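Below you'll find a set of structures to go through.
Same chain, two partners: subunit A is paired with subunit B first, then with subunit C.
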Partner chain A sequence: MIHFSLAREQLIKPLQLVSGVVEKRQTLPVLSNVLLEVEATELLLTGTDLEVELVGRVTLSEPAEAGAITVPAKKFLDIVRSLPDDSIITVKQDSERVIVSSGRSKFTLTSLPAVEFPSIEKSSDHEEYSIPQAQFGHLINATSFAMAQQDVRYYLNGMSLELSPGMVRTVATDGHRLAMSSRQVEGLNTAEKKQVIVPRKGILELNRLLTGGEETIQIYLGSTHLRATTSDFSFTTKLVDGKFPDYERVIPRGGDKEVVGDRQTLKSIFSRAAILSNEKYRGVRLILSSGNLIVKANNPEQEEAEVTVEVDYEGPELEVGFNVNYLLDVLNVISGEQVKFILSDANSSALITDFDDDATAFVVMPMRL
Partner chain B sequence: MTVRKIEVLSPRLANQIAAGEVVERPASVVKELVENCLDAGATRIDIDIEQGGTKLIRVRDNGRGIGKDDLPLALARHATSKVYSLDELEALTSLGFRGEALASVASVSRLTLTSKPADQDTAWQVNAQGRDMAVDLTPAAHIDGTTVEVRDLFFNTPARRKFLRTEKTEFNHLEEVVKRQALSRFDVGFSLTHNGRTIHAHRPATTMAEQQRRIAQLLSPDFMSNALVIETERAGLKMTGWVGLPTFSRSTADMQYFFVNGRVVRDKVIAHAVKQAYRDVLYHGRQPCFVLYLELDNTGVDVNVHPTKHEVRFRDQRLVHDFLFSQLHRALAEYRPDANTPVAEQISRPQVPQATGIEAGEFAGQQALHMQPAASSYASAPREPLPVAEQVAFYEQVIQPSTATAQASAPLPETQSSDVPPLGFAVAQLHGIYILSQSEQGLIVVDMHAAHERITYERMKQQYDNQSIQAQPLLVPLTLSLSEKEADAAESFSSLLQGFGFEVDRTGPESLTIRQVPVFLHQSNASALVQSVLADFIEHETSDAILAHRNEILSTMACHGSVRANRSLTIPEMNALLRDMERTERSGQCNHGRPTWTQLTMKELDKLFLRGR
Partner chain C sequence: MQRKIIHIDCDCYYAALEERDFPHLRGKPVAVGGQGPRSVLATCNYEARKFGVRSAMPGRMAKNRCPSLIVQPARFEVYRSVSEQIRSIFSRYTELVEPLSLDEAYLDVTDSTWFGGSATLLAEHIRAEIFSEVGITVSAGVAGNKYLAKIASDWNKPNGLFIVSPAKVDDFLVTLPVRKISGIGQKFSEKLASMNINTCGDLQQWSLPRLVEFFGKSGPWLYQRARGVDDRPVGGSGERKSLSIEHTFSQDRVNAQQCEQEILRLYEKLRERLNKKGSAPLKGIFLKVRYSSFKTQTIERNWGLTLESFQRLFQVRAENVEEGIRLLGIGVRFDNSVPEAQLSLWPQEDSNRI
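Let's turn to the complex of A and B:
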């Protein structure tokens, strides 16, 4: 019979992350539960939706009784969250119930046996890589916004993760825009190039685990699964079985019109003009002339916004339409001060990069307005 | 297996085989016989039925009759007076033309035909017997015209007889046939008796009121009080008839009558056009009601498609489709909540007075005065809620130009009845959901959300229609695998697709690549839509699937952008909504086809309280 106690602040963070994986509505009752396991002085918390599994590890300072049981994730988290900061929480199994107590509060929760809790099958053959968390976090942050959501082309509902000797690259696209980011990773030992598609939910959950510090994250790549471990967590996700589009072909080459502008300024003028763009499809017109960029927007009520800004551009006049949300998404993830747009004509896609960092690039399709 | 020799069929067997196609049940016999009467120029047709038509079907007319010499031929197969040459077949004016009906019916029943043309002194009777269908001519007593008596239908084909339903069911089918004929020819009197009991008796109807009375009797009185009169002509096509308001719908398609040159027709093209016209106003899963007559040049329509002639083929299918759609669509859109719609009032609601103040002309003038400023000001008003006082002032300013509506902001004066708009002036709001309004006729109850939803929706549609097509090229093109036929259609209709903002390339015999989609679709499943559009192209040569999809998106936006229940409105706000409804198309129904308003007249209210009895 499981029995342990620990401080609230030790429990709340891993519990929050693990419950994040648990889907709100379930047909299989055990999936709305979180699995608690105690072995010697270690507490493991596991949440799963059968596609993604997250295991959090907590070291117990007080002696505990080993055992395993599942309790409703949402209720358990709400209880822990509502307790005072410095409280000590005791969890104890009492036949089919679990009693959570702290100070003078006591909660009796229903439970389901641990054997019913599904675990994602761990494939035995896998390759192991080690990547600094900060770098991996950057790769995900720079591209995750472009992942498709519930697209019929299921392989777009995720992120392509590509590992080649000394280099990691992430690519995401929803068919309208694309984001790509690469990072040199020293000592990445892979014999050949490997490309997998990590599903959307896996990426979002994985991103929440990354601390951004100097620590590394261990990536285990199997044929159908990806597992990532840090000191506190072990995360497993299924991979999307499909072929990611050939992104190299999509990246425009030979754009001859180069525009450089201040990121913050551009961001604010785009959002300003966007107020009067169509609520549904957010079209804005960019009109370029030497040294100048005019952003125009119209809505169905025939109201019009026109904002002019100075940019670094030499070349012929060019007018091109874009979905302003796509531009804003890109400007939001770029961290440098200056951004560079490379355009060729009104019908070709634009390539946007951080002025000082070519390793991350964004492609946005124009809109015919 | 023994080798069987080839032999020519006996005439009776050949006719029986033909009867299989045409004579399915007693109702089909009645259809053929009544059509013969009409082709003979009869103005009065009496139909007597016994035992659902299995025992006796007797059809008597006062038409031209058949001469003695022609009588033997009347029962022969492929013999007719209606068509002599191919040219005549291509421009048919008669209902029948195949020359098979009487022979077929005679081969599966005991049929006697008695006829006397006006210029012949005596009547003659004929019947056909035996396997060669030898005719037997005898003198008889008969007034001018023809009587066909069909006894013991299917007596010699037990298999067919077994398929007959109960007497009641068979009679219902038969009655439906008579109904259709009675609807198709108002100038002909009909009577129908069953087992000696009179079921229908209609005198020839020449005036509009008489015609409407006949329809009310045949269908339902409710239909007539909820129908719009259609009368329109364009490009050689003429359509008249009655269409039910969207609020008067049925769960099955049993009140749909369409006549092409007097012929009852159930056609895919027509059904599609009507369905399309009612889209957007009909509640989900309901069927519209209509009685419509399409007249066009006989050369423009081919009726020789199916033995029972239920299907026709139009020479210019797309023209007919577009004509039907646009005319019906307009008629439904133009229906406004004023009492002056050409509904068949005289039958159901004779008490409705011809209110002077809401004569179409006067009302239209008011509309023109401030339509533009009002529309745009209202559009922006709800977005930024002003303080109430300002809002009232704002509305007053907006409605200033019109004297009629300016009174709305005053605390309900004793208005002269001639100044009351169709939906009246708001009195109060009920539970934050309904607006109560006092109109000339009585009380109007308006579902605030439903009404506002429709107004927002129509306004959005108008705005989007005025914009040019905007398209989003795809970074990763969509590949689509479909049948070769569909891919061919995509190629031949590629300019139409382009007009909607699609760019589609054929990449193989059975695959397409979509390179560009209309912007409003960028988050929808474009491939499924393209496929349904192509299916429409193949079937109807035109498609509104894209527009329908766009409207669906707008409809959702309109729903979210409209006032919700429990939002309390001031009297001027409510009046503004009522005025908006009066000038909005299709404002009688919300986007989902639910009614937006209803009326309780003073008469009905008086009835509730037993006043004036």
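Let's turn to the complex of A and C:
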């Protein structure tokens, strides 16, 4: 029967991450548990919601007894969290109970047998890719905000991940705005272009695992699942079975009105004008003329905001409405100082990019105001 | 500004139209519903109600209670066209009409100059016009908002009128049972009763922070209703809030596999209807299960629209697993937070927003 000891600091991070996968409302009681497995000097912690599965790996320095059992994830985490930083924690199975003890604290938890714990079936054939974590993190961060949440078009409730020789691209859209980011990845060994849709939850959980360091993440792409491993984790997510919309077609090419402005300044004037926009729909009007941008907003109480800022623009006047949150989301993920807007008319989308980086592009459809 | 709202509710609408069109039915217990042994009544007249027959009651149970009950097949085309006729009467007096169903509507008559601006006289006039032009009776409630007007129309039913004038609101509320508040069902009222809250007067004793503490999001709503406050405009959002499909089995089902097959069938139908309507963002999905005992359970989650999600919902329904299932329904709830004015990247995929 399972029996092991380790330092709290070794346990807390993997346990937190693994518990993050566990859903609060569960269909099967065992799904609110975390699976603990000890083999030789390795402890594996697993959490699953049947769509995503996360396994954390900890090397034990103390001798341990092998075994496997499941305990309530939230309670186990709360206990570990509540113990002092330098605690040594012992976990021991006692027939159907699991005893967690540390110093003079002792907790007896219920358990469910490890055999009841479901595992996501893994595709046997897969292709393997190796991507630097920092790059992968950048691709996710630049686009994940645009994923739909609970759309009927279920293929939008996730992110398109595209792997082609030497390049990785992510695209996310909720049907009203779109974010796309590409990164060159040296020696990405793929013979042909592959595109899959990773579900929203899979992306959010995966992003939490990335450290942003030099280390690489191994991606195993099967027909129905994606698995990602680092030295500490093994993460599996089901893929969304569907066809991602043709995004190339909606990236505007014909825009003739190019505006360049300071990102921070634009961010603050949009937020300022938005105070008096409709709280629910968040519409603002952009009125562009040579050298000037006026942002106007009004709400159902007929209150009005008007904010003017200097921008780098030469051309005819244009008035176009947008959901200000869509614009702010974009300005928040861009890191450069200057941003570029390319517009054409009040019914056509805006193309927004970081002035110094056109490997990431954002498309926002207007609002008729 | 003090608003003037009239709520009009037709008395036993479908049954009344059957009596109107088939004189031999008059004065007899009449219901409208399917003819099958397991069909449920859509409505019934007051004669039938004397026997304990109620709308939504299975036909067989109704027949047991009232053997002389005449169950007429529904004639929805007639009900719809008469409903339009009634709406055209409303439109003579105000443009602000919010139909709730074929037989019920709110009218905002705040700016009406008819009858010297008296909403009471206007309500009486509309009732009389409907009776003479359409041939059925309606009940009306007059109050300063939708919530009180709706309670008022039920007060002197049938063929009645009741007014909750602003001066009388406080007295009216003190003794008003909380169950009368639209939105408080049996379960909720039982919960309130267990806390010694039976009337709006009782509810008024509770502070807003305490109501929020006990009832969460419903707290502010309860606080307002207890005080007769309801700022919802007449006209409603006009947005579609949900779409669902259900099926009553010809025999109760206990076998989970049969139910899952039915869920598959319903799911395909639902997808078909959603595709026809075009797409819109969803807030969640739900499953409705009615058991042999008529107990009905609705389980709702903010999960994606997949067959698996509905199957999972079916598994969530842990209680009553042993009991037979009479009806299964599945549906989606829409997220109306995206305005019509927002343009789409792929307009052809959602040109018909719901």
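The working rule: the second predicted complex is superposed on the first by the 369 of 369 C-alpha atoms of A that agree within 3 Å, B and C clash if a C-alpha of one lies under 4 Å from a C-alpha of the other, contacts with A are read in each partner's own complex, and residues count from 1 in each chain.
FYI, a contact is a pair of C-beta atoms (placed from the backbone, for glycine too) under 8 Å apart; a residue touches a chain by one contact, two chains touch by 3 or more.
All figures in this text were calculated on a predicted structure; none of them were measured in a lab.
J.: Using the overlay on subunit A, decide if subunit B and subunit C clash or can fit next to each other.
T.: Clash - subunit B and subunit C, as placed by superposing on subunit A, overlap.
J.: Does the superposition put A:279 against subunit B (first), subunit C (second), both, or neither?
T.: A:279 sits against subunit B, while subunit C stays out of touch.
J.: Using the superposition on chain A described above, determine whether A:365 touches subunit B (first), subunit C (second), both, or neither.
T.: both
J.: Could you look at A:209 and tell me whether it touches subunit B, subunit C, both or neither (first, second, both, neither)?
T.: A:209: touches no partner chain.
J.: A:323 contacts which: subunit B (first), subunit C (second), both, neither?
T.: both
J.: Between subunit B and subunit C, whom does A:25 touch in the aligned arrangement: first, second, both, or neither?
T.: Touch partner of A:25: subunit C, not subunit B.
J.: Once chain A of both complexes is superposed, is A:347 in touch with subunit B (first), subunit C (second), both, or neither?
T.: Both subunit B and subunit C are touched by A:347.
J.: For A:301 in the superposed arrangement: first (subunit B), second (subunit C), both or neither?
T.: first
J.: Look at A:176 in the shared chain and tell me whether it touches subunit B only, subunit C only, both, or neither; answer first, second, both or neither.
T.: both
J.: Which partner chains sit in contact with A:245 here, subunit B, subunit C, both or neither? Use first/second/both/neither.
T.: both
J.: After superposing on chain A, which of these stretches of subunit C ends up overlapping subunit B: 57-65, 291-299, 309-317 or 345-353?
T.: Clashing stretch of subunit C against subunit B: 345-353.
J.: In the superposed view, which residues of subunit A touch subunit B and also subunit C?
T.: Residues 152-153, 173, 175-178, 245, 250, 280-281, 283, 321, 323, 347, 349, 363, 365-369 of subunit A touch both subunit B and subunit C.
J.: Mind pulling up the subunit A residues that touch subunit C in the complex?
T.: 25, 27-28, 148-154, 157, 173-178, 245, 250, 280-281, 283, 321, 323, 347, 349, 363, 365-369
J.: Which residues of subunit A touch subunit B in the complex?
T.: Touch residues, subunit A against subunit B: 152-153, 156, 173, 175-178, 245, 250, 279-281, 283, 300-301, 321, 323, 347, 349, 363, 365-369.
J.: Sort out for me which residues of subunit C touch subunit A in the complex.
T.: For this pair, the touching residues of subunit C are 274, 279-284, 301-306, 312, 315-316, 332, 335, 337-339, 341-346, 349-350.
J.: Under the touch definition given earlier, write down the residues of subunit B that touch subunit A in their complex.
T.: Subunit B residues touching subunit A: 376, 379-380, 460, 463-464, 466-476, 478, 501, 516, 519-520, 522, 525, 527, 553, 557.
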